[in-house]
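Note that the chains take the letters A, B, C, D, E and F in the order they are written out, and that residue 1 is the start of every chain.
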Amino acid sequence: MSGVVVQTIARAGSDVIARLGAAGVATVHEAQGRSGLMASRMRPIQQDTAIAGSAVTISAPPGDNWMIHVAIEHLQEGDILVLAPTSPCDMGYFGDLLATSAMARGCRALVIDAGVRDTRDLRAMGFAVWSTAVSAQGTVKETLGSVNVPIVCAGALVNPGDVIVADDDGVCVVPRADAEAVAAAAQTRLDAEEAKRLRLASGELGLDIYDMRPGLAAKGLKYV
Amino acid sequence: MSGVVVQTIARAGSDVIARLGAAGVATVHEAQGRSGLMASRMRPIQQDTAIAGSAVTISAPPGDNWMIHVAIEHLQEGDILVLAPTSPCDMGYFGDLLATSAMARGCRALVIDAGVRDTRDLRAMGFAVWSTAVSAQGTVKETLGSVNVPIVCAGALVNPGDVIVADDDGVCVVPRADAEAVAAAAQTRLDAEEAKRLRLASGELGLDIYDMRPGLAAKGLKYV
Amino acid sequence: MSGVVVQTIARAGSDVIARLGAAGVATVHEAQGRSGLMASRMRPIQQDTAIAGSAVTISAPPGDNWMIHVAIEHLQEGDILVLAPTSPCDMGYFGDLLATSAMARGCRALVIDAGVRDTRDLRAMGFAVWSTAVSAQGTVKETLGSVNVPIVCAGALVNPGDVIVADDDGVCVVPRADAEAVAAAAQTRLDAEEAKRLRLASGELGLDIYDMRPGLAAKGLKYV
Amino acid sequence: MSGVVVQTIARAGSDVIARLGAAGVATVHEAQGRSGLMASRMRPIQQDTAIAGSAVTISAPPGDNWMIHVAIEHLQEGDILVLAPTSPCDMGYFGDLLATSAMARGCRALVIDAGVRDTRDLRAMGFAVWSTAVSAQGTVKETLGSVNVPIVCAGALVNPGDVIVADDDGVCVVPRADAEAVAAAAQTRLDAEEAKRLRLASGELGLDIYDMRPGLAAKGLKYV
Amino acid sequence: MSGVVVQTIARAGSDVIARLGAAGVATVHEAQGRSGLMASRMRPIQQDTAIAGSAVTISAPPGDNWMIHVAIEHLQEGDILVLAPTSPCDMGYFGDLLATSAMARGCRALVIDAGVRDTRDLRAMGFAVWSTAVSAQGTVKETLGSVNVPIVCAGALVNPGDVIVADDDGVCVVPRADAEAVAAAAQTRLDAEEAKRLRLASGELGLDIYDMRPGLAAKGLKYV
Amino acid sequence: MSGVVVQTIARAGSDVIARLGAAGVATVHEAQGRSGLMASRMRPIQQDTAIAGSAVTISAPPGDNWMIHVAIEHLQEGDILVLAPTSPCDMGYFGDLLATSAMARGCRALVIDAGVRDTRDLRAMGFAVWSTAVSAQGTVKETLGSVNVPIVCAGALVNPGDVIVADDDGVCVVPRADAEAVAAAAQTRLDAEEAKRLRLASGELGLDIYDMRPGLAAKGLKYV
């Protein structure tokens, strides 16, 4: 099943991608019914960066980054590389040279269930990374993987062309076909939250805004 | 045992709380005989913030944040929310809306043996958080827990009204009844450390300042 | 085997140490054949600091920092303290007072397969630390360890006087005898990378620069 | 997306399932191109049990086992329950009563990326379990999940009706459509292994049987 | 706070302890409202052993087993040693000699949030152990801890004299004052379970026995 | 540094190896001053097996078992294969075919800081294994490592020809040159333990046998 490069993938529109990125991971995750979130071990190497883009997926053998070079040829402006090793691995698959190459092709971020290196350079270059490790340990280029096939990355299923939303809270995957509906639902949530935020900031309680007291009483909550 | 909200708790005085906060976690932990420290997996989401306050405790089911809404009603100026799930959980119990509500009631920090979300917003709002995970995964509001009961949070026993001291080194719990004595002992340590710091900075050795050479020789240390 | 202090160790020259530090962990690690890297759990407490120095090694019992005081007497300008406990331990062996003492002796960094405390102070003092935990938990001074003996720290063998290279990517150990050769090899890599970086930045692909297409085809890569 | 029960699923034939079970996890995993293996944290609670069956999948909220009751109604002889929580959870979702009910419906095993309890009883009943934790912590029945939808369990994608192969080495998922081809490939491997085993047992080397010496020499292996 | 030995503690009656042990961890944990369970990292070194006894507690420094010798003097027939280190530690605090001594005083089990050694001998001797690690690493006898003070062991609060219930599912702590009520509640559960087990074994569904269908429908469960 | 096979190594005598094996890991570890113990994540796949032998070491790339084939050619009767990957890896490097080959050359055990597979077969064959994971995930044969070079395995330095002692408590490495002295010291310990065991079994306390009461009093232990 490995050794395949899918050259043409469908992507969501840049407008809907931008709206999903602006909504952020927590809101998008809620808006699509709490699915698609990667595990919490997936962490950013930078702070206060939020991004969204189309997934170009890589299934790679542990400790082998050959397929990243293959994938870069298929990047388009606004894409995000998403790599899952076929077995757990914390090695540094990706550093400043690969980032230079990916940026030249319009890519602005990497999501990887493994390690990266040259993290200081990557931050300086403005190339955003979410990874499960930082490690200088280099990889080999000996065994084939695949590009633009479905992968499971940090516990989430990612199909090529899915929209990746990433910020300080982690990474969420929106199926391409759902992108428009999720973006709309996210906006609805944001609008509703704004009103609630004002009421909460004024000291009104969630207990009252959401009318929780009867439910709590029904479950038997006792005040002593 | 769950399903209880204790509405009135005793708190330490604001002056002693402030002194404990100024002393910091490492000094306070030493000053009370090295007890009360939470496990090192409890980490801040911000850097260079030190704080102290009175614990309003929450025992919550895994993945259920209903009790946070209940607890917020019982917050006073200077309180810190301390939440322990009844089973390990890395879900995002708390985000910017709950922080808005808690801040409106005078709360300035959360200590949680679970996940939080909206971390960028929380930092921007100046709401301090120590957590064991960051995750956008939302929680439900279905099952009762308790508020202001004794909890074990990241391995440390916390009674409501205990003083929580938190900084970049982690979180330490000071029993309310001990707060005054610990604050005094902490100040004594700080005063003593200042003198030692000057001697160490001048190049004098700890071996000599603390007169360690005889003890080392007695244990058989060999210089070769 | 414990209870030994080796007072005189050989060190690499300051020039070669500086060149290794400038090359950085990822490059040095590659330049010496991908050996000597500490495990990825070894992380900096500060960001964007790169350093190199000669290892003064400490083998310490778990939860006992007595030997740090002993080691400080043997520090020279430019040394780095490297501590491995004899059993896994996350306690805070080292804080601002020990850093003050070490700095007075010319030491500028600590690498420790255990915990540190006073991390805010350490950052403010400009004392760099790579550790596997942050913890305020204090240690005792009861049991002997050794100073300047070979140790295994975070999975890497460290002999006293080896060159420690540390930055945001982690920590790498260069055997003293290899320092000059590794520094030269690192420089060769840096020079070669610069040329590649320009070509990659212009949009040329690694597939072509490194002539990977025939190898990929030979392994059976299929484009679909 | 949650709150759905798919009542009718296609299953592989009992003959092919039996052949996959007889081949075992390691052989099946190789035979299908090294895909479908669950993470190594998925471990059996019993020793020396090998099994195969059709997956009835459950997507469950963390700490909520309501959907197991729903799933049991849809079990057929030879099925295996496969449960993934929507967020990491080590609670005990399943014990002897649920096993009694599942066995009454023909189910003989559970694969769960969470905890189980009553493990001694389960072993005594001959109900096989692979789990990522053992825990007596009980769950609630408050929030809907789904039955017979695609899930990601311990890093592997499982569609309802896929063939689950499990033994002491872990758990492997064979897509239903591939079952026949994988079983055939597995048998081919087993036949080939038998011949190799005899040669290896006689003292012949893998280096010679697989003709590895030229390849090693070409890569530069040096004998000293 | 350390350096204290409480010589006289109250214990529950042997009859109620025996009834709790017979009920087992999962049932007892449910019967007392799902509190008191130790974390799932606490695992037995033997299989198919169930036990209950009175806790003699030990708070010990990391890597220091001096206090076990002190505690043994205060053991009575049927007691269980429960040890929590004051900082995480996987060293082997306890082996066959200490087990010999403890057994001579009537103790039959150890629960320890750290490591043990001589595990083969311990199984052969019939001394039951629940631990969070197995390690041959020896400890020192240099620093005081305390005996029969409240401790937090694997996340659960244990007071001296509390009833410890342990089996293959883990370890649960029953406060001494609650022992009788919990034992009664456990028996009630066991009786009720027996009836349910028969109905489930006959193929009746939990959905019907517990009348779950209306609740599921009310939440919106959809059958497709 | 990789790509080297050292063909001739010195081994300890079979008699001293047998005596070390009979003494067991805990005793040997104590007898050599508490050094050489592998981390507690190194666990046996079988129960109640104790063994000792000479280390034939393998440094292997992550996910690549080519060097095991190379190493087998250099095995002698009584050797133990010891493998450390150059980066953390849980893949299944070793199964029943390699065990068949190794056994044909006189090898009876494997110690590996990675995964193994076919564990049921390995137990049935009587081939003992200590590993840090069990996984069916197969490896490749693409990149060179080395055989019979010094390695760090699970935190312990292993030189080829060192004596490996392994049992249910873990794995300890005895430097070849120290084997005779350690075996003698181990026997001395065993003799002394036997006498102590009898006294302890009779109910005499360690506090008295080891005369600990004055030391405890001097440290300030308080009985209340």
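In this text, a contact is a pair of C-beta atoms (placed from the backbone, for glycine too) under 8 Å apart; a residue touches a chain by one contact, two chains touch by 3 or more.
This is a predicted model, so every value here is computed, not measured.
Visitor: On C-alpha atoms only, rotate subunit E onto subunit F and read off the angle in steps of 5 degrees.
Guide: To bring subunit E onto subunit F, one rotates by 120 degrees.
Visitor: Looking at B-E and B-D, which pair shares more C-beta contacts?
Guide: B-D
Visitor: Can you compute the centre-to-centre distance for subunit C and subunit F, using the mean CA position of each chain? Integer Å is fine.
Guide: Computed from C-alpha means, the inter-chain centre distance equals 28 Å.
Visitor: Using mean CA coordinates as chain centres, what's the gap between subunit D and subunit F in Å?
Guide: Once rounded, the distance between the two centres reads 31 Å.
Visitor: If you average the CA atoms of subunit A and of subunit E, how many Å lie between those two points?
Guide: Centre-to-centre distance between subunit A and subunit E: 41 Å.
Visitor: Counting only residues that touch at least 2 other chains, which ones in subunit D make the list?
Guide: 34, 40, 86, 88, 90, 135, 137, 143 - these are the residues of subunit D that touch more than one other chain.
Visitor: For this assembly, give the contact graph shape among line, ring, star, complete and other.
Guide: Topology of the interface graph: other, matching no listed pattern.
Visitor: Under the definition above, what is the set of subunit F residues touching subunit D in their complex?
Guide: 3-7, 66, 69-70, 72-73, 90, 92, 95-98, 100-101, 103-105, 115, 117-120, 123, 133-138, 141, 143-144
Visitor: Going by the contact rule set out above, which residues of subunit B touch subunit E in the complex?
Guide: 1-2, 32-35, 39-40, 86, 88, 150, 152, 155-157
Visitor: Which stretch or stretches of subunit F touch subunit E in the complex?
Guide: Contact set of subunit F toward subunit E: 24-26, 29-30, 34, 37, 40, 43, 47-48, 50, 167-170, 172, 193, 196-197, 200-203, 205-207, 210, 212, 215-216, 219-224.
Visitor: Which residues, counting only subunit F, touch subunit A once they are in their complex?
Guide: 61-64, 86-91, 135, 137, 140, 142-143
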